[in-house]
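Beneath this line is the structure, given in structure tokens, with notes to follow.
Chain lettering (A, B and C) follows the sequence in which the chains are written, and residue indices restart at 1 in each chain.
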Amino acid sequence: MADLSSSIREEAKKLLKKGEADVIIGFEKGSLPLCATPCFIRNEADVEKLIWNEFCGNNLSRYLIKAKGKVGIIAKGCDTRAIVELIKEKQVQREQIVIIGVPCEGMVDRKQIMMRCQGNKITNVEDRDERLLITGDLLNVAVKKDECLYPGCQVCTNRNPVMYDVLIGSTSEEQQTDEFTDVTNFDGKSSEERWEYITHEISKCIRCYACRNACPLCYCKECFVDTTQPQWVGKTTGQTDTLLFHIMRSIHLAGRCVECGACERACPVTVDIRKLNRKMSADVKKLFDYKTGLDIDQPAPLSTFKPDDSEEFMLDI
Amino acid sequence: MKNPYLPTPMKVEKNVIETGDRNIKTLTLSFLNNKDEEIFNFIPGQFVELSVLGAGEAPFGIASSPMEKKHIDFTISKVGLVTAQLHNLEPGDTVGMRGPLGNGYPIELLRNKNIFIIGGGFGFSTLRAFTNFMLHPDNRKHYGDITVVYGARNPGLLLYKNELSEWEQRNDIQLHVTVDKGDESWKGKTGVVPVIVKELSIDAENTTTLVCGPPVMIKFTLPVLAELGLAPQQTYLSLEMKMKCGIGKCGRCNIGSKYVCTDGPVFSLAQLNKLPQEY
Amino acid sequence: MDYKTIKKSEITEFLDNLIKEYEIAAPIEKDDIVVFDKIKSSNGVILEYSNSVKSPKKFVIPQFETLISYNTNEDTTNVKEHLDEQKQFILFGARPCDARSFLFLDKVFSDEKNRDIYYKNRRDVVLIISLGCTQPQETCFCTTTGGGPFSSEGSDLLLVDIGDDYIIQVITDKGAELVKKLGLKNAQKDELAEMDRVIKKSEAKIEPDLELNNLKDKLDNSFDGSDWETLTEKCLSCGVCTYLCPTCHCFDIVDEEKNRKGERIRIWDSCQFPHFTMQASGFNPRPTYKERYRQRIMHKFSYCIDNYNMVGCVGCGRCISECPVNLDIRQVLTSLYYSMLSGRT
């Protein structure tokens, strides 16, 4: 990955200097090996903190709603898709933000690498283009970055920002994958197998809501899981309660989920949350020929009515 | 060993509408089992967790005096799940009760003092309990002058109207009832509580104030009390926080290192001044 | 202290013997992460691991449990306490930080006045065989919070890995009784010398103490400081840090009912969630991530010292490695500390 940090810093500095942004939301070095962390830069001296590498996984558009003033934001392809939706849903005003788009080559999953290190403490990480050399007391491994990408990044077809004010570096080559192979494969299983899989995934959930809170589109002031009057969902981690939470969340995200994978990355216990959301995306694509977050002027399919809307999902009773 | 989460079964004696908007009711309970009654002793200012099985539990201050045997009163404003169910109860129904919880008013420290009571909203309920406690023939001699300022937004929202008129007749208690906004039939004082408090000539010396009411009332009353010369050690507040366990375990009701459910709900202003302003 | 020894190759047999008489939980790998789970045989138990993602607190405070249940018919309601009898339980292979966390939880739940009998019921049967840390992680900071990679506080027995064998340190009477029953060998002099070497070596490896003398005083003075806002700006107010934390113990109590039968359930809750303190009036004393994160820090590093005379953190590092935005509690503490030192807030 070309070092884009310095270009990002320059851009950030310019925006702050000219008063075009009051704050820049970007990434700084994390406190752990293999890790970058969101940061909020308000003065020019601090732009030096900004970095860019393959660990900048967080979807920073999550912070746009609560941000005050004019905001400059570092955004990958998927992040810009979220911004498009946020603007469409009138949560963010286009004029309020300056998008510093950064073409992405897929983000590396720290936890996959940690697994390979088998509990050994990492003392040094060297970046060798395609590989990371990881050393520690009892450790010496080379990891190919593209073998440790987040699952969402592996199938992403929008690595380049879809909307931006400034573009850093040069565009990445888009992956030519069939977008929904995973969904088709899963659909091919028997209903017992699918149930088994989903309920197993759900059984791991501790209902910490990191998935929801990391999601840029889960911005409801009061989430349905939290309301008490009426109480839609029970609070336990029993199967019914947890499953209901995830199913309702994924339905609420149908046609809105931008597949950035923020939910899955945030989950501490490896729940395959994307499984449900991907199915929703595939259905929305099939029924409405719509892909989320590409075009600010394209109406959202589930909140607009068209006489010729597909009604395949209606049940004949 | 005692199970602190096990509610004691109580019988509903009465459930009476208090206010014109029908949103506040006074619930009178008695014990279903004599044994439970024998071990239940409380101090005015303490609270309990009332529960309607299926709906849940919520904390309520005890509105009746411990001198009244055989029944316990609660004055309940309907705001949500549990309170709505409590409003639906009819005589003969059963509810659960856990308690008494919390510290209550410092009745020993208050002996031989002039007592200045300031209340608003349903927060007046525990102050009513304490006032009735002091007015009991066995207790009256232990307290000096008793002055009560009690306010509601409008006359229809005043609680305990019969009792208020009884107190008005007595000469061993000074009662000042006020409403923010009167109506045609209202003959009493008009004005918010802090303004009325300011008009009174309270002798700060040997007086202790007990305050309970909505946050705005408290916010504007405290400076007035300071002006009247009442030191923070002479001022006690009863606080409200979200609560669940009531026994210092569930972790949500703390202000700094103090748990309102066990260290409170009554704190002196001197104590509160040492705690973070997070309430 | 008594020292016993056991060959590593004998650990499976050791566990399989114990399983006959006790319920045992041990670290196993499940769905790509290490967790403590009840085991039926020694198969799959891993002892070469850093630490589990979820803490073992769930064995004494399960994520949800029924406190009472009831059923109502025409005119009677039957209420039942749920205090099931617990089988003797061994927590095997826990890290010393987690063993210490049980001592902390005892202080919260087993106080004289309001003893929590549900907790006590589960806790009384627990025996902890912990495993000293020869490979402290970059997220570990137990020494800063009063523990250490071989701290025996909270453990009944402590294993130290000396290569082909484990030394078993016998910490409590309960531990001694078990060891006696199993008839383990006494450790030899050279083995003890090796143990000392291992301990020294590991202690040298642990991240240096954060130098935070009188941290509590500094924090108490920082409450209204402006740093909290900037330090916590990236926080998502999720439940990861508190749910994974071995010492966090906050809970909610709710009723669930169906067909006039119901349960009163206690469920983990978190001070990071807005509804935790939301009052019925709609007023919330901790309305944003700032106040909520501040509560977490203040509770652990100040209020707990006032109330339990113990820091509410054992330095296990779970909140550091699993926070989705890498909000590192050590950095927060250090920043607050030094900005208070320099009088900046």
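Note that in this section contacts are C-beta pairs under 8 Å (C-beta built on N, C-alpha and C of every residue); 3 or more make two chains touch, one makes a residue touch a chain.
Since we're looking at a predicted model, the values are computed, not measured.
**Q** Could you draw the chains as nodes, link the ones that touch, and say if you get a line, ring, star, complete or other?
**A** The chain contacts form a complete graph, every chain touching every other.
**Q** Which chain pair is joined by more contacting C-beta pairs, A-B or B-C?
**A** It is B-C, judged by the count of C-beta pairs in contact.
**Q** When the C-alpha atoms of chain A and chain C are each averaged to a single point, how far apart are the two points in Å?
**A** Once rounded, the distance between the two centres reads 31 Å.
**Q** Could you state the distance in Å from the CA-based centre of chain B to that of chain C?
**A** Chain centroid spacing, chain B to chain C, equals 39 Å.
**Q** If you average the CA atoms of chain A and of chain B, how far apart do the two points sit, in angstrom?
**A** Chain centres of chain A and chain B, defined by C-alpha means, are spaced 50 Å apart.
**Q** Two or more other chains touching the same residue: where does that happen in chain B?
**A** Only 80 qualify.
**Q** Multi-chain contacts only, two chains or more: what residues does chain C have there?
**A** Expected reply: 252, 254.
**Q** Using the touch definition up top, name the residues of chain A that touch chain C in the complex.
**A** 30-33, 35-40, 58, 62-63, 115, 118-122, 137-138, 204, 206-210, 212-214, 226, 234-238, 265-266, 268-270
**Q** Can you check the complex and tell me which residues of chain A touch chain B?
**A** 228-229, 231
**Q** Inside the complex, what are the residues of chain C that reach chain A?
**A** 31-33, 48-50, 53-54, 63-64, 135-139, 205, 230, 233-234, 236-240, 243-244, 252, 254, 256, 265, 267-268, 270, 273-275, 320-322, 324-328, 330-331
**Q** Residues of chain C touching chain B in their complex?
**A** Residues in contact with chain B: 67-68, 70, 72, 77, 79, 81, 83, 108-109, 111, 113-118, 120, 223-224, 249-255, 257, 262, 264, 266, 269, 271, 276-281, 283, 285-286, 291, 295, 298-299, 302-303, 306-307.
**Q** Given the complex with chain C, which residues does chain B contribute to the contact?
**A** My answer: residues 1-7, 9, 51, 53-58, 79-80, 83, 94, 96, 214-215, 240-242, 244-245, 247-257, 262, 276-279.
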